[in-house]
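The data blocks that follow each hold one structure.
In the two assemblies presented below, subunit A is common to both, partnered first by subunit B and then by subunit C.
Up next is the complex of A and B:
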């Protein structure tokens, strides 16, 4: 008998008038002891709802209306509520997508981690605390004996995600339910968390349900895959079979939307007739941060001496981990955050640092597209009004002309005219993001600053938005600053890539050159951290020096030296942390800020490739060659 | 965090200072000064001038203001215009009465309201929740003199359980005292609890939609603990603020209840002061009321800061 058997599970929501809307339509699958089963599908496929059923829980507004969910042969759905409560956290434990939201801000980490086990009487408080500390060590969390007395806001996002694993594992559950536990993380953090999960699941011998839309992640961690679409199972089978030999159409579509590994030549770099013209917008020597400014130094410096040029009609991708200053750069360009030093130049004209000092036409030319369309669009306004407002403000159009422009905008983002009379809540996530784009395009801007516009979207929907952006660029000649932590998305359509680390540009240049050797050591860490759709990728990657040296440590913003020093596998002690690295030019407009000469950097790259392919002996030879 | 608390305290003092200006100069624009009032109809130009000189009223207003402010801050509340008694002696006994009544009401209503608010939030949509929501909404909407009159009608006139006025001669036993005060206490508890119950309920329910509450449910945490440990701590800021506002009201805003029950409290003294144009008395009372608000809201603000771990334990 399998540990968990889900049989013909049906879950419905109810409309206001009482008519049922089926959400889960007769799903069956099972989880054997010690096995990781992945539920994959895009948002709306019912994967989270199904996974929560194994805790006998539905979100408010949903109800079970058929089928069985049996744990150890006992049906959970018909159990009395008190026994259901006993089961949660004890036999089945849940890990949510956003640890930052799932930890109670007012309670210490230790209490939250041990709470469930102590309440259920599995462990005493002392035993639970001790076990939690063992788990902190197993999950490679820093400072395990003092971690418990800290509050959630005092640790990083990646650490919280692992702490949630500790919270789930303290009570030694038979089944773990992991709901998109790495989706919100940077690639480098994702590897670390995946590795910790995999190790802990193996060591504890518990089974797991892993909910995600990311096939590449699934390939690393699952034994068995269930592909869901619209509340129904499309296909299920062992991981090798589904990844290498998908039989269902929908699975193939999911595979096609998987972000490709970033490599040179992936962007359609045909010349769209813009040549080497003057920059549409440029940041020159920008230093910016928060707090009072004294002598051109803010109290907390985020960006330091940034030089970035965006040519007309170009897409410039800005990448880096969270906290590296990507959004701050966009905010400085938009004037939302006046810089402490340096200047922003638009079409050869220096802009005032602060938004309120720029004139209306300057404002019109630089537009911001925010990450969360949900919060950026006023829920009480019609789409027509949301788009009409900037049309009137920037272009001075009224009445019929305004309406015509609004419909034109909707057409530009490939939405039907009828959408003008709808509210944002009536639109899907991808459609809302299109409206968000249309709003920014309303005044015919020169530059669009896109801040993680596809990060909150599913892979398929996100890919469509990227396609739209490419079309818009070709049609309108707008320049894009495209901020993302996702290197493969950026690599697929940017003309130029800027790699930020701890508030500094470590590498920038044409996409093809940035994505091919020589790499800055940090760029290489980013590239090797993007999961590949290949079983065993995680293990291979963890063997590389980059992973070993670079992943576990936090980002430090430093005033002197190279900020990447403490994570760099080829750092030169005594030099790198003290002296600002020189900017080395490689070919046309490709800059790398590193103390190593580009030959040395490239050499170390060759070495990594060998490790990746398992030529361990060759490295030894190489190493001696370096010494000699 | 210390810096934040310190800033709040400074803002508190600044507020009091601004209030003192308004109170002092606000009253001085009213027609007729202390000398005119004292002499009444019999005033001649000469006698008025003489009395003004004697009272120091011929000096510029700002000089008198700073003198008054200085006296106030050292605890010297001045001399009453009517009768010449010190204001401290007039206020002392009334303030005691007010604090006594307010204190008892607070001790009963605060725990009661928080308890009922939590109970309503714990079982939303049940008959208990509906009854409390409906009841408190009605009580918030009905003016307090109506509630007072209504309760007097029931308990004093019809049932004859309690006296309709809260008269005290001094030297009562504890039970006589409770008996005498029962009606105003009852009315005030009803009036102030309604708002606090609603706010507690709303604050908790607002937090109950958070992902961390769902997580607690999925960890198998019992509902009682979810409310008391997980939700209450995150909702405490607004709840404390409403409590503070209601406590301040118990000191300054109860004039109607004091009048109805003929209870000699501070608010009633102030109204009497207005009627007899006893400006020093009115000014002193106004400053005490404002001070109460400022201090209670300051405490609420500091409590809210202390209850927020982000502010208590910076990174």
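Up next is the complex of A and C:
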């Protein structure tokens, strides 16, 4: 008998007038002991609702309307509320998407991790603390003895995500429900979390339901995949079969939306870049940060001495982990954050650092597209007004002309004209992002600064937005600064890539060249961290020393030396942390900032494939133990 | 779920197909606020009192200051004829009322007050004074509070600092004490009452408006307007205020209740609305002595205050429950 059997599960919401809206329409699947089942689908497919049903819980406003959810053969839905309460956190544990939002900032980590086990009376406080410490070790968290007495803000995001796993596992649950646990993380952090999850799930022998929209992640962790769309199972089967041999249209579509691992030769057309065209916008020697500025040095420096040029009609991708300063760079260009040093040049003309001092036409030419379309659109204005305002503000159009331009903009982002009379809340996430783009395009800008515009979207929706951006670029000739932490998105869209690390440019150049050797050690870490749609990728990657070194330590922002020093596998002690690395030119406009000569960098690349040091050996041993 | 192998190279083609799997929409927002049955009842009561405030003097049987009977504290339904025969209050039984007053020319629906005036008429007249003063005072409080509160939130820095500290020092004084001192010093008149109440209650509006303003100011859409080059006036009136309107409106009801109670308290202490003008608060005080004789003359206006304030509260509860707990949290 399977551990959890979901049979013909139906869940409905109700409109104000009482008409039911089916959310989950008769879903059946099962989870065997020790097995990881992935629920995959885009937002709105009901995957979270189904996963919560295994705790006999629905979000407010939803109700169970049929079917059974059996754990150990016992139906949870008809169980008494008190017994349901015993079950939650004890037999079934839930791991929410955002660890940062789940932890209480005012209570120590140890207390929160052990709380549910002690509350349910499974363990005494001492036993729970001891078990938590064992779990910290199993999850490879640093300093396990003292971690419990720290507060959530004192550990990194990836660590917090792993601590949430510890919280769920402390009560030795039979079933773990993980709701998009790595979606909000950087690729490099995602690897460490995935690896820890995989290891701990195998070791503890608990079964798991893994909810996600990312097929590449699923390929690493799941045994069995259930593909959902609109509350119905489209296809289910073992992971190999779904990944290598999908039979359903929708699954294939999901597969198609997974962007391939970045390699050279991906950028689609070359007629835009490489010619020495005039720069549309350029950042020259930009140093910027927060706090009071003394001698051109802000109290907290985020960006240090940045030189980036965006040629007319080009797409420049800016990549790096969160906190590396990529959004700050766009904010400096837009004038939202005046730089402490350096200048922004637009079409050969130096702009004032602060946007208050720029004139309206300069503002019109540089437009900022915010990351979260949910918050970037005023919920109290009609779409027509949201788009109409910049049309009136920048182009001075009124009345019928304004209306015509608004409809033109809607058409440009492939939305029907009727949307002008809707409120933002009446649109889906991808549609809101389109409006967000349309607003930026309203005044016929020269440069569009796109800050992580696809990061909050599902893979299919995100792929569609990228397709739209490509069309817009071809139609309007706008230059893009495209910021993302997702290398594969940038690789498929940008003509030129700028790699930022801890506020400095470590490598930049044409996409083809950045994505082919020689790499800066950090670029290589980023490239190797992008999950591939292939079973066993995670294990293979963990064997590379880039991953090992990169994951072991965190980012430090330094004023001198190479910022990547403490995570670099080929760092030269005594040189790298003290001296600013020279910028080495390689071919046409390809710059790498590294103390190693490019030959050395390339050589170490070849070595990586062969050499295994003690540290990585241990990881490999772990993995073979897991597999056995 | 069968897994038969089909053409494996079809993946790219599928993407370009006509949208068979259209993007799933987010749930549309609920636009209407539906009142529960308590909310509906409450709304009816509030509406009735508002109507009374407008037309009270015309539907009242007597003028608010008119002496109808020679005797005070005549029970509900009593009349002049009854008083000719029965001198002792003990004898004013319901049977006696029916016996003497069934044919009387003038009967008092809710009895008479301590000066022999008609309690019912005074309540109808008083609705105008009580609700009117409170409403105007709350409006002024809102005008001041929102202007300064949003202003402080938007400008920040020293302006915010100074305004907030001044506001907190006024807020730290007990409102009734402050009211008593101001009225005692400046004398009691309706304009003074309105001014005092509005300044006192503007302090709490200031805090709410400032908190809401700060929340909204850091939203991306405000930053987007800022990046577009919009001025302060546009940002306040088009981006911030529309988003603060709902919580502020809900709070308006609650604040109105506090002002009604404040004005009534002042009147009860004798410093509010001055005789012979009818006002519910002062009516409670005037007729307190009647409680000893078993008269309800001070209970009726108290009930009027109670029904109005509780009803407003019920409506506010309904609205904030519908718009989610966040609203209620912000208002505390």
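To be clear about the criterion, the second predicted complex is superposed on the first by the 603 of 628 C-alpha atoms of A that agree within 3 Å, B and C clash if a C-alpha of one lies under 4 Å from a C-alpha of the other, contacts with A are read in each partner's own complex, and residues count from 1 in each chain.
What we mean here is this: a residue touches a chain if its C-beta (ideal position, glycine included) is under 8 Å from a C-beta of that chain, and two chains touch if they have at least 3 such contacts.
The structure presented is a predicted model; accordingly, all values stated were derived computationally and were not measured.
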Superposition on subunit A - do subunit B and subunit C clash or fit: clash
First (subunit B), second (subunit C), both or neither touched by A:44: second
First, second, both or neither for A:151, with subunit B first and subunit C second: first
Winner by number of subunit A residues touched, once subunit B and subunit C are compared: C
First (subunit B), second (subunit C), both or neither touched by A:382: neither
First (subunit B), second (subunit C), both or neither touched by A:119: first
First (subunit B), second (subunit C), both or neither touched by A:236: second
Touched partner set for A:94, first subunit B, second subunit C, both or neither: first
Contacts of A:106 with subunit B and subunit C, given as first, second, both or neither: first
19-27, 109-117, 253-261 or 307-315: stretch of subunit B that collides with subunit C: 253-261
Touch list for subunit A against partner subunit B, complex: 52, 55, 57, 59, 85-90, 93-94, 96, 98, 101-107, 115-116, 119-120, 150-151, 153-154, 167
Of all residues in subunit A, those that touch subunit C in their complex: 13, 16, 42-45, 229-230, 233, 235-237, 241, 245, 247, 249-250, 252-253, 255-257, 334-336, 355, 358, 360, 363, 367-368, 370-372, 375-381, 389-390, 393-394, 423, 425-431, 439, 460-461, 463-464
Interface residues, subunit B side, partner subunit A - complex: 210-212, 214-222, 225, 229-230, 233-234, 307-310, 313, 315
Parts of subunit C lying in touch with subunit A, wherever the complex brings them together: 1-6, 8, 10-12, 14-15, 20-21, 23-30, 32, 34, 219-221, 223-224, 226-230, 238-239, 242-243, 245
